[in-house]
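Both complexes below contain chain A, partnered by chain B and then by chain C.
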Partner chain A sequence: MLAPSLSAVFFLLVIPVCFVVVYSFWLRSPYGGDIPAFQFGNYAKFFDDFFYPSLLIRTIRVALETVALCLVMGYIPAYFFYRTESRFKPFLMILIMLPFWISFIIRTLSWINILGDSGLINHVLMKIGLIDSPFQMLYNEAAVLMGLLQYLLPFMILNIYVSLDGIDKSLTEAAKSLGCTEWQAFKEVTLPLSLPGVSAGCLLVFVLTCGTYLPPMILGGPGNDMIANLIFKRIVGTLDWPFGSALSTILLGLLGVIVYTYNRYLGINQIFKSLQ
Partner chain B sequence: MKRPSGWSLIKIYTLLIYVWMFTPIVAVVLLSFNPQQFGSFPMEGFSFRWYVKLAGNATILGAFKNSLVLGSLTAVMATAIGIPAAMAFVRYDFRGKETLNTLLLSPIMIPEVVLGVALLIFIRWLQQPKSFALLLIGHVVLTLPYVLLVVQARLVGIKREYEEAAQTLGASPFQTFWSVTFPLLAPAIFAGMLFSFTISFDDVTATLFWATAQNQTVPVKIFGMLRNSISPEINALGAVMILLTVSLPLAAGYVSRRFARGSG
Partner chain C sequence: MGKKMEENLDRMMDAYREGKVSRRDFMKYLGIAGAAAGIVGGPFGMARKAFGAKSITFHSWGGSTSEALRKYAFDPFTKETGIEVIDAAFTGMDTFLAQVKASYPPGGEFNLAHLSAVYDYARYKNLGFNSVLDESKIPNLQNVLPKMIETLRAITNGKLSAVPYDYGQTGIAYNTKYISKEKAEKLGASLLWDKELKGKLGSWGGDFRTNMWYAALHTEQSPNNITNLNAVWNALREQREMVKKYWASGSELMSLLANDEVYATVAWSGRVANLQAEGHPIGYLAPNNTYSWMEYMYVLKGTDMSVAQKLLNFMLEPEPAIAVAEAQKYPPSLDPRKIDMPKSIQKLPAFDPTGTLDGYLFADPEYWNSHQLEWTEKWDRIKAGA
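Now for the complex of A and B:
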């Protein structure tokens, strides 16, 4: 029964990924057709020029910023879903899930309509006479973060909500009847019990941010490229397969270490729970 | 239960998040009806001009056809190989179960850009050209974990006693599956197919590695059109995609509720 799925994942995922690692040691030939080899030139190239590691560092920084902002923006709505007794709750929950069903590229480019020179914000500001000429809001890191956040916030909210939803509400009541204030009960009971969802959400958001190139490509400027953008340019643009493979291996290795460590100490199944 | 203190602040905060999340999406739909040349604010009327233009664009229609065929085939294949695996995980115990489950779900945690590169390098090594088949197998791998998750969640809720009762009454394993498990599982299968269709239909990150000029999907086409800045046509195309991928799950939810009520 497992055979079809396992062979699909084995032949179409495990082997190709191993192949990326193998290819990262090959030599590039200028005439097409790369030469099988075992040498570290592609990795040496990565560390030779600070430009490449700086992209990796920027990727990690942007991913951490995205995680932090997702937490700030996501915890309160998740808490709202947990506590609300509104009869519109199912509707509101479906609404927050809707972005999952809208293509990533549309959600990314939709910010051009808001932040662009003739976008909504500039239009309103000029209409009320606050500014005379459009205020440049696109093609910087803030715009990239907008795209990333809109893509990833539902993942964070859902992860936190799943964790909150599993908390017995009578625990908070018990804490309060023992003399805790509302805030103390939240801080001492609800918040710690929701941490599994928080950490699962953080990991998922971090990994997904590191693997994407669309928001920097569409909303960012030349200085906002992340490691995935470089991979895309090397593989699709300049067809430098060995170097592109080395970049992919480095990214995969970094995320692999993070996911492995996380799984070791916290268990990764929480993430899959929320996606159901 | 008493409302927590600061509840109105929590409500306002949540409302603001909704506004933030949906303003750009609403703007895409609104601007797609703007007859003006540059697809930006202010709205200068209401027209279907850009939709008419879309309908007359052969490459876009071709991309739509590709996306629909690809999404449907992906849904069928991912569900067909996903269901037996989900059954095995929920119904049987065997050695290495956890590890295998994690392995099958791992595509979620592998950066999509690496997935794109990996499959591309692999078929290059096999000396195969980029083709529709590459898109299809790629999309099956991308969507398989989601099908597994949805179907497993549903299977856990189906009591084993039903199957055991059928077998006690003399049904063969296949009969049991076909007349007991399958009907109970049908909503999950449907949900899994829908999910994989939408993921396939919407995917762009990995698909950009695999698509060719002949095998463009709608998101790939949109990406190509973006090179020369955002146009009203892109907004219209976006609005059509939003309508399609958003109405599907809503309709499915409605149908399955009707279905559940009908069957008691």
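Now for the complex of A and C:
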């Protein structure tokens, strides 16, 4: 029964990853060809020059900021879906999924029309006389975070909602009947029980942020590139597949350690529940 | 697919028809054969073989460029020869080269491509993806600007792997609402370092050459022979502090200029012509030694050369060449001394009415390609603020 799935994983995931790892030991010819070799020069290049680790550090920092933003902005709607008895709940849930129906590139580009110098916000602010010249909101880290938030927020909401939905509401009622206020019941009962969903959402958002390059490319300014932008440039721009592969392997290793640690202590099955 | 595998498949098919092999075993064999063929580069090769000489692939920029070629070259070509031209769009030069390199055998899945820049012509040759054209089969090559042909010949030992098709420049676009023509012409390349434009400058982030080229002009050096590299890097560091956005695509460039996000930036002459045609107040400045380049129809190794040459001859007819030029706003490679050019072509930025291309400075492929990795890495650092 498992054979087709395992075959797919083997051929479509394991073998390509092995190719990437093998490439990371090769050399680039002066014109962009590949020279088979077994050497660690590509890894040494990464660790010898702080420019490359600094990009990885920046990526992790931006990923953590994105996780924090998604958590704060995602918990509230997830909790609302859990509590509401509204007959519009299925419709509201569809609204959460709605952005996925539009191309990610289009969604990211649309921020230019909203945040740009002649975009909607600046246009309105200048029209009503609040500002004289456009307020710069684009091409900085805040704009990148905005793009990432828009992309990843639904993943966080769904993970938290699935976790909340599994909590028996009578537990909260029991806590209140024993003297807890609404806030205390949430803090002592609902919040702890929803933590598996929170942590699954955090992991998913973190991993996806580390691997994305479009928001920094479209909404970022000078100095907002992340590690995935560098990998793209090395693989496509300079045909330096060996060094690009080494960068990918390092990122993969880092994310692998994080996922392993998560799975060791919290269990990765929570993510799959929300994706179902 | 190897002959032996074909024989085995035929034998298995016969056995299945005769009931000697179960359907499950037959399907299993097909699967194994398919996978084996896939591992040695089969599926696409088989598809190519299936099409045989009945089709040829052409990769280009898509949009109005492909539409013009379809109407004036591909459809008449198919009508005359019965050979279909399968055209597809690529997203950029680097991406396409990465695709070609990734295909197996490298270059084998692609036939013709509308490529840019002389240094890329050299890169394809150095990676072994080049073919050799029989110029006697392309009589319309006689109408092409000699300087463009000679530039390519110099790279491929006197032979051609492509026919030049159009040319353009990466000059400076500036918003005439905020920058006067007099000021732009007075400053030249140094307009891109004008402190009054801090926060309103743009540049092409994806190409170290363009940025270094203009930094060389700003520091009064020859772009094809930079003697003081530190001056170039320092100029780029200084410029970075004033740049609002390093753009990544032509559409982004147009959006930045059209929406007043940036007032001055390096820009492709055809994109500037498009903005001007749309009524935007964008001026075009081509300082001395402006970065010039050409586009060409490249034939990749493994292509059926007789079909490719026949198609190239169709594409070099004045009608399709001028239609493509009007669509993408880049002058055609046809010599205006031999072919009458309409007004629409004569007024394009970068058009050379003399047909000599004297004063048009192209990037020296050997010089730029030999430093590509080192300078890209340096440029990435500067762009990142390191």
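Definition applied: the second predicted complex is superposed on the first by the 269 of 276 C-alpha atoms of A that agree within 3 Å, B and C clash if a C-alpha of one lies under 4 Å from a C-alpha of the other, contacts with A are read in each partner's own complex, and residues count from 1 in each chain.
As a convention for this text, contacts are C-beta pairs under 8 Å (C-beta built on N, C-alpha and C of every residue); 3 or more make two chains touch, one makes a residue touch a chain.
On a predicted model such as this, the values are computed, not experimentally measured, just so you know.
Participant: Putting chain B and chain C on the same copy of chain A, do they fit or clash?
Facilitator: Here chain B and chain C cannot both sit on chain A without a clash.
Participant: So, A:8: does it touch chain B (first), chain C (second), both, or neither?
Facilitator: first
Participant: Between chain B (first) and chain C (second), which, if any, makes contact with A:54: first, second, both or neither?
Facilitator: After superposition on chain A, A:54 lies in contact with chain C alone.
Participant: First (chain B), second (chain C), both or neither: which does A:218 touch?
Facilitator: both
Participant: A:130 contacts which: chain B (first), chain C (second), both, neither?
Facilitator: It touches nothing on chain B or chain C.
Participant: After lining up the shared chain so the two structures overlap, which partner does A:178 touch, if you call chain B first and chain C second: first, second, both or neither?
Facilitator: Neither partner.
Participant: After the superposition on A, what does A:244 contact: first (chain B), second (chain C), both or neither?
Facilitator: In the superposition, A:244 contacts chain B only.
Participant: Per the contact definition in the header, classify A:83: touching chain B only (first), chain C only (second), both, or neither.
Facilitator: first
Participant: More residues of chain A are touched by which chain, chain B or chain C?
Facilitator: Of chain B and chain C, B contacts more residues of chain A.
Participant: Examine A:235 and indicate which partner it touches, taking first as chain B and second as chain C; both and neither are also allowed.
Facilitator: Both partners, chain B and chain C.
Participant: Using the superposition described at the top, list the residues of chain A that contact chain B and also contact chain C.
Facilitator: Touching chain B in the first complex and chain C in the second, residues 112, 116, 118-119, 218, 235-236 of chain A appear in both lists.
Participant: Which bits of chain A are touching chain C when the two form their complex?
Facilitator: Per the touch definition, chain A meets chain C at residues 28, 30-33, 51, 54-55, 112, 116-119, 136, 138-139, 217-218, 221-223, 225, 230, 233, 235-240.
Participant: Note which residues of chain C are touching chain A in the complex, please.
Facilitator: 94-95, 97-98, 101, 123, 126-128, 199, 206, 240, 243-246, 248, 252, 255, 259-261, 369-370, 372-373, 376, 380-381, 383-386
Participant: Within the complex, which stretch of chain B touches chain A?
Facilitator: Chain B residues touching chain A: 1, 3-5, 7, 10-11, 13-14, 17-18, 20-25, 27-28, 31, 38-42, 80-82, 84-85, 87-88, 100, 102-115, 117-122, 124-125, 137-138, 140-141, 144, 146, 148-150, 152-153, 198, 201-205, 208-209, 218-219, 222-223, 226, 230, 234-235, 238, 241-242, 245-246, 248-250, 253.
Participant: Which residues, counting only chain A, touch chain B once they are in their complex?
Facilitator: Where chain A meets chain B, its residues are 1-2, 4-6, 8-9, 12-17, 19-20, 23, 73-74, 76-77, 79-80, 83, 85, 94-96, 98-99, 101-107, 109-114, 116, 118-120, 123, 150, 153, 169, 173, 182-183, 186, 207-208, 210-214, 218, 228, 231-232, 235-236, 241, 244-245, 248, 251-252, 255, 259, 268, 271-272, 275-276.
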